[in-house]
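What follows is a single structure, written as structure tokens, with notes after it.
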Amino acid sequence: MKLVMAIIKPFKLDAVREALTELGIQGLTVSEAKGFGRQKGQTEIYRGAEYVIDFVPKVRLDLVVDDDQVDSVVEAIQQAAHSDKIGDGKIFVLEVAQAMRIRTGETGNDAL
Amino acid sequence: MRQTTSRVTTLGTAILAAGVMGFAPDVAWAADAKLNGGNTAWILTATALVLFMTLPGLALFYGGLVQSKNVLSVFMHCFTIACLASVLWLFGVYSLAFDDGGATNAVIGGLGKAFLSGVSFETLSGDIPESLFFMFQMTFAIITPALIVGAYPERMRFSAVLWFSALWLIFVYAPVCHWVWGGGWLAEMGVFDFAGGLVVHATAGVSALVLVKMLGNRQGFPTHLHPPHSPGLTMAGAAMLWVGWFGFNGGSALAAGGSAAMAITVTHLSAATASLVWVFIEWKKFGKPSLVGIVTGTIAGLATITPASGFVGPIGGICIGLAGGFICYYAVGLVKEIWKLDDSLDVFAVHGVGGILGTLLVAVFAAEGLGGAGFGEDGTMGGQFVTQVIGVVATVAWSGVATLVICKVAGALGGGLRANDDEITEGLDLSYHGERDYNF
Amino acid sequence: MRQTTSRVTTLGTAILAAGVMGFAPDVAWAADAKLNGGNTAWILTATALVLFMTLPGLALFYGGLVQSKNVLSVFMHCFTIACLASVLWLFGVYSLAFDDGGATNAVIGGLGKAFLSGVSFETLSGDIPESLFFMFQMTFAIITPALIVGAYPERMRFSAVLWFSALWLIFVYAPVCHWVWGGGWLAEMGVFDFAGGLVVHATAGVSALVLVKMLGNRQGFPTHLHPPHSPGLTMAGAAMLWVGWFGFNGGSALAAGGSAAMAITVTHLSAATASLVWVFIEWKKFGKPSLVGIVTGTIAGLATITPASGFVGPIGGICIGLAGGFICYYAVGLVKEIWKLDDSLDVFAVHGVGGILGTLLVAVFAAEGLGGAGFGEDGTMGGQFVTQVIGVVATVAWSGVATLVICKVAGALGGGLRANDDEITEGLDLSYHGERDYNF
Amino acid sequence: MRQTTSRVTTLGTAILAAGVMGFAPDVAWAADAKLNGGNTAWILTATALVLFMTLPGLALFYGGLVQSKNVLSVFMHCFTIACLASVLWLFGVYSLAFDDGGATNAVIGGLGKAFLSGVSFETLSGDIPESLFFMFQMTFAIITPALIVGAYPERMRFSAVLWFSALWLIFVYAPVCHWVWGGGWLAEMGVFDFAGGLVVHATAGVSALVLVKMLGNRQGFPTHLHPPHSPGLTMAGAAMLWVGWFGFNGGSALAAGGSAAMAITVTHLSAATASLVWVFIEWKKFGKPSLVGIVTGTIAGLATITPASGFVGPIGGICIGLAGGFICYYAVGLVKEIWKLDDSLDVFAVHGVGGILGTLLVAVFAAEGLGGAGFGEDGTMGGQFVTQVIGVVATVAWSGVATLVICKVAGALGGGLRANDDEITEGLDLSYHGERDYNF
Amino acid sequence: MKLVMAIIKPFKLDAVREALTELGIQGLTVSEAKGFGRQKGQTEIYRGAEYVIDFVPKVRLDLVVDDDQVDSVVEAIQQAAHSDKIGDGKIFVLEVAQAMRIRTGETGNDAL
Amino acid sequence: MKLVMAIIKPFKLDAVREALTELGIQGLTVSEAKGFGRQKGQTEIYRGAEYVIDFVPKVRLDLVVDDDQVDSVVEAIQQAAHSDKIGDGKIFVLEVAQAMRIRTGETGNDAL
């Protein structure tokens, strides 16, 4: 099993969720995040003064998938999340040693 | 109704003029004055409206503009200042401002009315109860030091805030209020300040600048600031200020009549105009008219019309709003970018500049030909303008010098003016008040 | 006090009737009218209360119902419309609504009072200053286009909002206001509309529907919407609307007397009743009475009683509240589920339907036998009902047709009505105003 | 103006005394009473101000103090109680409180004014419309059961809240209100309760304690509680309560005159003083004066001055504020730490103790020598004190006993008083109302 | 060392914390999250209209533990967090290469 | 590649970001978190009653870096974030199997 962790633009969340649902993904977890990167933060102007917002709002997706789903999941996310503008975000993949479904105690792939 | 000077000649006009000048005629003298229910009803309401401006209006307005770790401290400043000013007002500041000062009446009132001594349920001030006049004026004494909160958020020690505000009320607000509204030398000269362009906005604005100079800027100013944490809160506060300002300017007529009505009319028109000015400047400059921008324009328009509100007509209201919007907009940049002074929430640029500007412009737009109330029987525009300039210079000079001294004293008494870096980094909410907002 | 028609015969009743009809008697004619301090005090207050309804009341009410990425844009709409309407009101819209239109007076007023020309500090309208009457009516002209904000949030271009609102104020609000309150043809027929069932709620509601048709629904409507981001904000706004409505309906008496008192009584009872109706419907249908539900009921009850508020008694208030609660509840479903129109915050279902319903029901509950003020000397329930139906049909027709044209023009002038998809997805706060709320 | 007893002898003083006592003189008797426009204007305003205290004032004040998962339920309690109380007030509770009860008038009023029967547009109560008197008093009947919301948040069933509040209004509020303000036995004895120390604060405070005893404490009380989720919300609510209290105490004069003016003066001074007391206690004890602390002091000061507000002068206001601040502060600890009763938002410690304390202190500070209005022609301080003690004992006893029974009945009708653990853990917002606040 | 990442229902947090404290766990980090899964989101009703809340509020726990504690930690979380209703959440276990306590610079198991 | 996950005190964020920028780090993701640890939670006092705040506000940094940068990154964070007071937080390092830049589809070290 692998953990796919994706940092995306917030308003791409719906599109990504739909793309993953189409792949048959049944579960994922989302959290709010702020990103610092090449995008360099927006400038907001209040009363004529510029405020550099170092951290840009992002959404972070964590989903654990079966090893053989990883590639299609990564691709689906990349397709759905990219806008070709700087700051589209990243996808990271990490190895998962074990998984358990809390409700049933099932483990391994059954838990996903 | 031509209420243009403070030289009162008949009882009838005395009461009206009292409205215009915020000056309480001697009740003993006005022997057969009778309570007027309509006027009393309106000033009761106006008092509630002006209190509402500070609590919660100004608190929310300022609170939305700071970082979320300092929002409670801003609320705390506004709230505590309101309480402190109220008690001091009773203890003697009202008396210093409005009691007859005898030989030194030109510069300061006496202490005869400290603790409202001699004021009973029946005592009148004009045709309203004196306790009501006391309360209405108290709400002005509350909001004026609270305005200065905008100069020092996110970095001033809480105890220094209290010392500063108390001393400032006594040594800046009381005398200037006496000069202009309490029968002092500026009143004698016939200065026009309907609802506090000098007494409220110029004093607060100038003192804000001086205090910032003494206190230092925020960490990261001007390049690394955090944006307002909640423009929505700021909007809510601005809206409450706007509504409450009807009591501020309209109540300053001290009567429910044509003067109050026209005052709220021009007040509203100036606010609306200055708001639109700010929107269009931002739209043109940045492509994005902002909520923080429009409500700043509102406050600029309100501050600018304040001294003029009982003297000018609708066209005057629109023109003063235009001027207030434009000039305050550029003043914000001047203070922060050129002078590099972190008057954090623009007390000087909005209130100080607005109040001074309106105090000067009233000499133009009070002209009867422009729909204003005129300059009294032997007044002229030129003469009035000179008087207004004198009023501005005196108020600015006194506020500046006195504040300088007060800062030293408040710093000494309050353990320094400025919080230390750790307290600032942690946020004043936790470091001084042990609380945090927004525990979702 | 039987104020039932707009045909004024004596000065005494003229002033009262002015209250009922929101109609300003010619001051020259009422030569010996004198300012009434009590009435002036109350209308000053009422003016502040009605402004408070829009800023911040309506802004918070609507702002809580949208997504957090669009909340500032809703605030901005309400605030900017308020400023724009104020200035336009001075520039000519007040005059179109309330000045004598001469030969065409049946359909529209004249421009004689543009810029309040001829109105000085002393000018009266009835027994209050005309500048006050101007201001009180202005607050209605502010809230009416702001109500329509509920139809188009989260997707309309900011410049289109401004063009639409300005044109709508001139071409829908001004004429209908003139017909009903300004001495136009509906006033001549004796239509009953105490505080704006037709002038405010029916116009806004119908125009909302037409605008939605032109603008299109929100992305994801009706199956994939985001829930209100802050029901608490909405509650705060609704509470302010409720309180402010005392000024709206009570102030429409234009006097501090029995009419104002009964108006706030029935207003309050209708609001409370309709709120409970909404609670119990939701409880029965879903098992969960909601805060958003109860406050929607409140607004429905308030809108429905508005045209009737000076004409009916307490029983009428309760019955109209019952009707308003039930019918508006089902109207919400009708518009969104059957008509598939994304009148996003239910302007038509709550205000339009409520205003029309109240306009019809007043013909029943104004009956003296039901505790109402009666139908005047030769009026009958049947006759009044016919008049009310004519009023509704005319208002609906004109609002609908004119709004259709205004949408075309506003779209052309404002670069299209609808924001593009990227702007919508990013949220209007950032895309149009460069700000975001809630920076914790 | 010495309005010190409820024994009315002349028409002139009757109207004044009506203000003092909140007692409506029989209109038929006061045959030539005429409507007073100034007074009507002020009471219209005061009615709006007192409604504003509950909606949204109290709702926000309480809402900020609970966990974010229960904030909507608190809003819902306040809002629904307001609606329910309004309708019940019309249906008979007003009549029970203020109508003549004939033979049993000492203990309860009659039902002759249920549905405002016989009250038309012209009916007066003193010199204001009776419908207005009905409305003003209704706003008190709204806030009193809503105060008790602070005793049971985060754990009471919604249906039990409604049953409890309805029964409580009928069986506790109506009789005590009649005793004190409606011409009942305490009014006959000449008890002083200007604006509701007994009628509002003592009843609500005592009943809160009894209800908590029946309902049980919150999970985790007292060691594992969650801190207030938004002190800022609480501040906003407290500020609105403060402003609204001008209507509460000032409006209780039922006239726009010296009594109202002095009432708001002492109200304000007491609030400011008690706030500062709380600040300094916290500063001394913990080193961190808090926003939640200062605003709790404000409410304590306001509650304590309430019964005394029309009877005492400025020095009385300050002293009562001092007493209220200190004693309520320690009462909070007493209830929670010693008695281990989870009166969650301190209804008893702040309102109950404050109201009782003020009811006793008025017997001291009403003395003319202390600037008060005196004890009437043959009254003495000692005699008055005994009367006040009797008033307190009777109110406390009746509130306590009746609430005990009401809890049983409400529990039976509402399916138990307490939500089950799962509902509590999930939060009442979702479990009872299907909503959540703060969807960012 | 292992990272145990658990997605649980928010109101189970107190119970889980207590269970872990009993096991002697000295530290953990919590963040707010939203979950998408079989639970399918609540339906909230506003003004008669149904709103499908795709994402359900969850709490995410991250705690790094010694290898031989993993099983008991996972079991303790599962026991404390399950309500037998759908949406109880998941537990994932990942390998941790290194740990450091910022205050002292200690590394490895000493850092936990 | 490695994922460096650091739990720090919120007001140290700016200092850490600057230290990492100096190292040439081009991207990182931040989220809000709450920590439970030896620090034992603050006590806040409301109306005289003590409230034990079990969970203390923390900020969580996630950044994926090249293997040979890990040590300097960990050290930089530790230096910038420590205040020598309890509760300074932890740094954990996890192995990352794959990374992708959403905008371009680049993978591996190029994606960082």
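As written, the chain order gives the labels A, B, C, D, E and F, with residue 1 at the start of each chain.
Please note the rule applied: a contact is a pair of C-beta atoms (placed from the backbone, for glycine too) under 8 Å apart; a residue touches a chain by one contact, two chains touch by 3 or more.
Remember, predicted model here, so these are calculated numbers, not experimental data.
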Type of subunit C:subunit D copy interface by residue overlap (half), same or different: different
Approximate Å spacing (C-alpha centroids) for the pair subunit B, subunit E: 53
Distance from the mean Cα position of subunit F to that of subunit A, given in whole angstrom: 18
Approximate Å spacing (C-alpha centroids) for the pair subunit B, subunit C: 34
Junction residues of subunit E, two or more chains touched: 31-32, 44-46, 94-95
Multi-chain contact residues (two or more partners), subunit D: 36-39, 41-42, 45, 226-228, 256, 286, 288, 290, 292, 434-436, 438, 440
Chain-chain contacts as defined at top: A-B, A-C, A-E, A-F, B-C, B-D, B-F, C-D, C-E, D-E, D-F, E-F
Residue ranges of subunit B touching subunit F (in the complex, touch as defined): 425-427, 434-436
Residue ranges of subunit F touching subunit B (in the complex, touch as defined): 11, 44-46
For the subunit D and subunit C complex, residues of the former touching the latter: 35-42, 44-45, 47-48, 51-52, 55-56, 59-60, 63, 71-72, 75-76, 79-80, 82-84, 86-87, 90, 115-116, 119-123, 128-129, 131-132, 134-135, 138, 158, 256, 432-440
Of subunit B, residues touching subunit C in the complex: 1, 36-39, 41-42, 45, 49, 68, 226-232, 235-236, 239-240, 242-243, 246-247, 250, 255-262, 264-265, 268-269, 271-273, 275-276, 279, 286, 288-292, 294-295, 298, 313-315, 318, 371, 373, 438
Complex contacts: residues of subunit D adjacent to subunit F: 222-228, 282, 285-286, 288, 290, 292-293, 296, 329, 332-333, 336-337, 346
